[in-house]
């Protein structure tokens, strides 16, 4: 540990860690607002529980798989269980190793939480907990290793500044597989499932944007030009995506939807994630504006299929992530910290990016299928029909999101917590 | 003794309450309901999901009145609630066998006799 | 002239509306209510507080119909709302003395005569 | 066969449900309503806007009972809902022509005969 | 580019940019909570859409008008379309030019969004989009140039640390004009329009306060004494304004209103904005405490006039901004980074401040009137009476803020998105 | 003032101040979501009003009592009314004195606000304002002096990194006393009081966590290893607490509650607060995991007692704070910036920690009782029975949290604000 950590860079990543930490609850609001009221708590808990499951597993094993020295495919065990992670500078950075570990941990948590949007309102909570735990070790950590941990994609020169591939393409692909295997909600395609609270969803989108400054900017790991560029690009791209989305909305139906606006902000953020440290601000505007188009129509189309990817994780994160990865190959520029891409004469980069996409989709798809098939072998993946009709908040969490307590009879709590005689009614 | 049940537009509640007040009808109960009639449906879009909204927000009034008040009450409602567009709503007059004022236990006529307005 | 009041499960509303549509019943009013019957109670926990939920979410339909429509309406509801589990609900048929269509002032039969469905 | 409709204070719902339970009345339906009667109005301020709240939160009970149960039901409600202050509410007893239990299709008496309480 | 950017200052402005970015969604919550439920999405979208319209125009032209070298009245075009904006240090600062551009952009966005409070619940969304786009170029950018971009007010010595004049007086004045030209809501003065969700409004106020640390503190553009002083003053002034407001409330009616509390926080923030880098912490307490008084009574009075400035933009931002600008002239002190003001023997500063106020009000009033008159010539400014009664969420955005989906019939989506045959009912 | 402030450390504490500032509104959401809808504004205002009352008193006197040189028990008056607080470096730190003052002020505000959870839904608002004002001067400021201001507990070597004792044990103890003296809500124990909005509570918990990074990390007052360690521990401990809580929930009833999840996050944060700068990341996981257990059962048990500590301030902050203080004595390690504790062979530290707990509980209990007894002598502590039934929002604040305005008659506002003739009804 010859060089002590740089205080400015350390502070930057420290603040960024707090910002990314906030993104998982922000996602709970984003997804929760889109769910129905009877499933709001289940939806929110699917995000929040990732802190407990994925967060702890990250410390125990995930971080080591992703970032310990190992093979081109997977890291070793030298960093498992917080071993060898202290306050000394991490190699290749100017910040303490412990901080790098925590910063990366917040990424692992939110990536797993992202998938939940595909299977809300019917998946059993226990099966879900098991699923994201395994998934974070078997899919997330290895792919993070491939790209950022010294693995084969990184070595090959595939560009992914802040996780377009590692985070969004994996989550989007897993969403596709999970939605297929868990199956559509009862009455999907016959009944409309409408967002119970659009302002909640917009609040989530706003907090996601705010946190994403730490996600993308912080990925520079130092306060330098790249950090500034990544941050500004993270502000510009969603503005452009929003402008495109509202324009399509107004052109198609004359009405600018708010759910569309919240979606557009996220899509712009997803698309700029792999590119933000490699492209110019003008390119960021272009990427945001362009990426909104495939996402808009992917989401539109999906609703008429049998794929009940309920909150459109595939449409927003999968499509946005892939578009962003490919556009990184188009717009990346050596002058802005990247490798020159198609626009600067190097079409090969697009090929590399495509390879990254294909490899990630393939492994994620296969492994996600395997994990869910294994879980299905030991427990049902979804709740019963009656519970689904009643709502998962009551049946899986024993609570209601919103209640005025009318008709609630207080039950005297005996020592062992078995509900006994009702004491009296409550209104 | 009759129970007048009226379904009206929410935006006319204001006017109807005033009109009933002028007709000296005092007690009444209001609830939020949704109605389906001949109204034009509204279309909404949420991402890829397009829906027609089949039920419109309405307000339901329930007013217990003595026989002599039935017609003034119905007229007061009709006057204030009418806009002339489809969807103005309906009034039903139901027979009532017994009315009790919970506070006093008074029954029938006494229980719904108009009282002085609130101070 | 009758008022058919039905208490049903919220998740059957969909089917009941369709069934009524097929029975050519047009106007109706819906409200959210909570019911208590023979249903199994659900237990909830909030920190140290354990409660039994005594009231279940239900939907209430109120449909004014002419005599001849009473039986088709009741049948349409029963067909679509029945699941066979406790808690399916009840239908009450009440006599109505007078019906007024607010928009036109039309009374009785005319006011509830089925109209053409919304375009 | 009668339908007992009662408007009560929300904070008395608790007691009324208990009282009805003791009177062996089982099925009932509850909804949130707003009432206007002789109650003192409450004044509220939102920035420069001052309003009098003309409608108070109330709860509406709707209970289908056989003839012999009407008086016990009314009494059970009055006993538990009375506070003695203005605003305690009203009870209306309406005639019912037909009752259907959706689950079984049973009609009239059978459909509202008190059942055993939920386990 | 001889001097590279200072990393600490860069990090400070980077974080501040994220904080100010959050203020526009915070405003959406603040305003949204005060609106009626049937207009919640419209109200929120009026804030959020500023990201798309004003944000993009800022990059295209606004920044150049405000900050490129030009005349005393308006900047030139040398910085248009992101030209000449890179990662090198911006003249007169120690941070990258690109970051300065983005930081200023977040100010432009929220200023336009602020105006929407005056015309919610009836203005057509398209007309609004056009309005704020033009307004940001014709009013905001020039006034920013006058004060901060090398224009005549700045040269004259008018003090406006973080935008009391540029942001709040312009927004408040535009609100007055817009409310008059769009006209009052139907039934205004006969019917009460009550806030549908006061906790939402309070959440917005809290996030605004949080973001305002970046707005005021960040305006120092460097981590120094002024930044600290500006930040602490931004914490103290709202506390004092809150104390005053609650005292008046309790004295008048015995009841401390929550809407009042949320308003007081914003008023305290507005009033300290021009002063925070020029006055002592004690003066900040005084400014917060004093400014609450005219705002309290301005808002109280407004409701009994025919001016339907629906969410009191004039009362809070106009009155607060003017009071703050003048009190800056009173309390500013050379010892705390400003020019000495009235309290330190220099009455002339109050005169200068007054001149700044008058000039800004005059230009903003005139130009806002012109823009709206021009738009009115080509399209109606407000929705029809039936749409207004139905609520703008359904008619302008095709959505409801809160819905349980009862009675929603799913419509099969054909390729061209024209709703076709209903598939089945939904409950 | 020989050494100027360090810019990096200054920036760190500046950002941390903003983060802790956000915690009080976050608490308003956390508590507000747990209250009933008719008391939401009262509950939120009890948190927000602390800004006005405690914030101002902190500037006037509290800071001086806590941090001015004085005796072992209480500080002097040399820093009262912002005297001697400028932009020069504060002794023993590397940041400006004014910033230190403000940072500490945000702690004082939230500590007082924490107590309100014990007495919501029935305490008179004026009595509450008086109470927290006095309490912040008589309890909070002296105890802060004992631990951080040069007082006897600090000198003795009692460890409290970021306020486990000063903030959470004082608040928890005061909650116990206040709940007893104000008395239970009418129908407490006979009627169930259910949370009206669990997503609001979860949002509050998330924002608390976010802000707590500034609370705990910022307490290092400098960007160094301790700051990083404290921050990472603040992320790890709640994850572990959440994992424990969900496990107990699932084991006991098969249902993972969301209210439990929100509570667990706060409990994990409370427990790590005194320890975070003195223990290893593994110990942080252990502390979070262990502390969840006593808190879980304390909260479970409390509901069956006559103590209506309505939102379980004692169970979460008292129990969590005491457990954390004692576990600090167990896990503290010299290698991680603390004194060695029990696990490293020094059992004496547990004794010291216990002494700190006992002294704090004793003084807080006694003084809180005295303050409330004195207030009760001059005014009733709680609202009348009818007001309690109606809800405190209407009777104490003259507003409703959520309203659609139906049945609201607009009253013409005369100049002196006495409601006069109703103008017309409103729907």
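Per-chain numbering from 1; labels A, B, C, D, E and F assigned in written order.
Please note the rule applied: a residue touches a chain if its C-beta (ideal position, glycine included) is under 8 Å from a C-beta of that chain, and two chains touch if they have at least 3 such contacts.
Keep in mind it's a predicted model, so treat the numbers as computed, not measured.
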Interface with more contacting C-beta pairs, comparing B-E to D-E: B-E
Interface residue overlap between copies chain C and chain D, same or different (over half shared): different
Separation of chain B from chain C, taking each centre as the mean of its C-alpha atoms, in whole Å: 18
Chain B and chain F: spacing of chain centres that average the CA atoms, whole Å: 49
Whole-Å gap separating chain A and chain E, where each centre is the average of the chain's CA atoms: 32
Multi-partner residues of chain E (each touching 2 or more other chains): 8, 11, 15, 191-195, 203, 253, 255, 257, 259, 300, 303-304, 398-400, 405-410, 413, 417, 424-427
Of all residues in chain C, the ones touching two or more other chains: 11, 14, 17, 30-32, 34, 36, 41, 44-46, 48-49, 51, 54-55, 94-95
Chain contact topology (line, ring, star, complete or other): complete
Residues of chain D touching chain E in the complex: 45-49, 51
Touch list for chain B against partner chain E, complex: 11, 14, 34, 36, 41-46, 48-55
Interfacial residue positions of chain E with respect to chain B in the complex: 191, 389-390, 394, 398-400, 405-411, 413, 417, 419, 422, 425-426
Contacting residues of chain C [partner chain B, same complex]: 3, 17, 26-31, 62, 64, 94-103, 105, 111-112, 115-116, 118-119
Complex contacts: residues of chain E adjacent to chain F: 8-9, 11-12, 15, 19, 36-37, 187, 189-199, 202-203, 205-207, 209-210, 213-214, 217, 223-225, 227-229, 231-232, 235-236, 238-240, 242-243, 246, 250, 252-253, 255-259, 261, 265, 281-282, 285, 300, 303-304
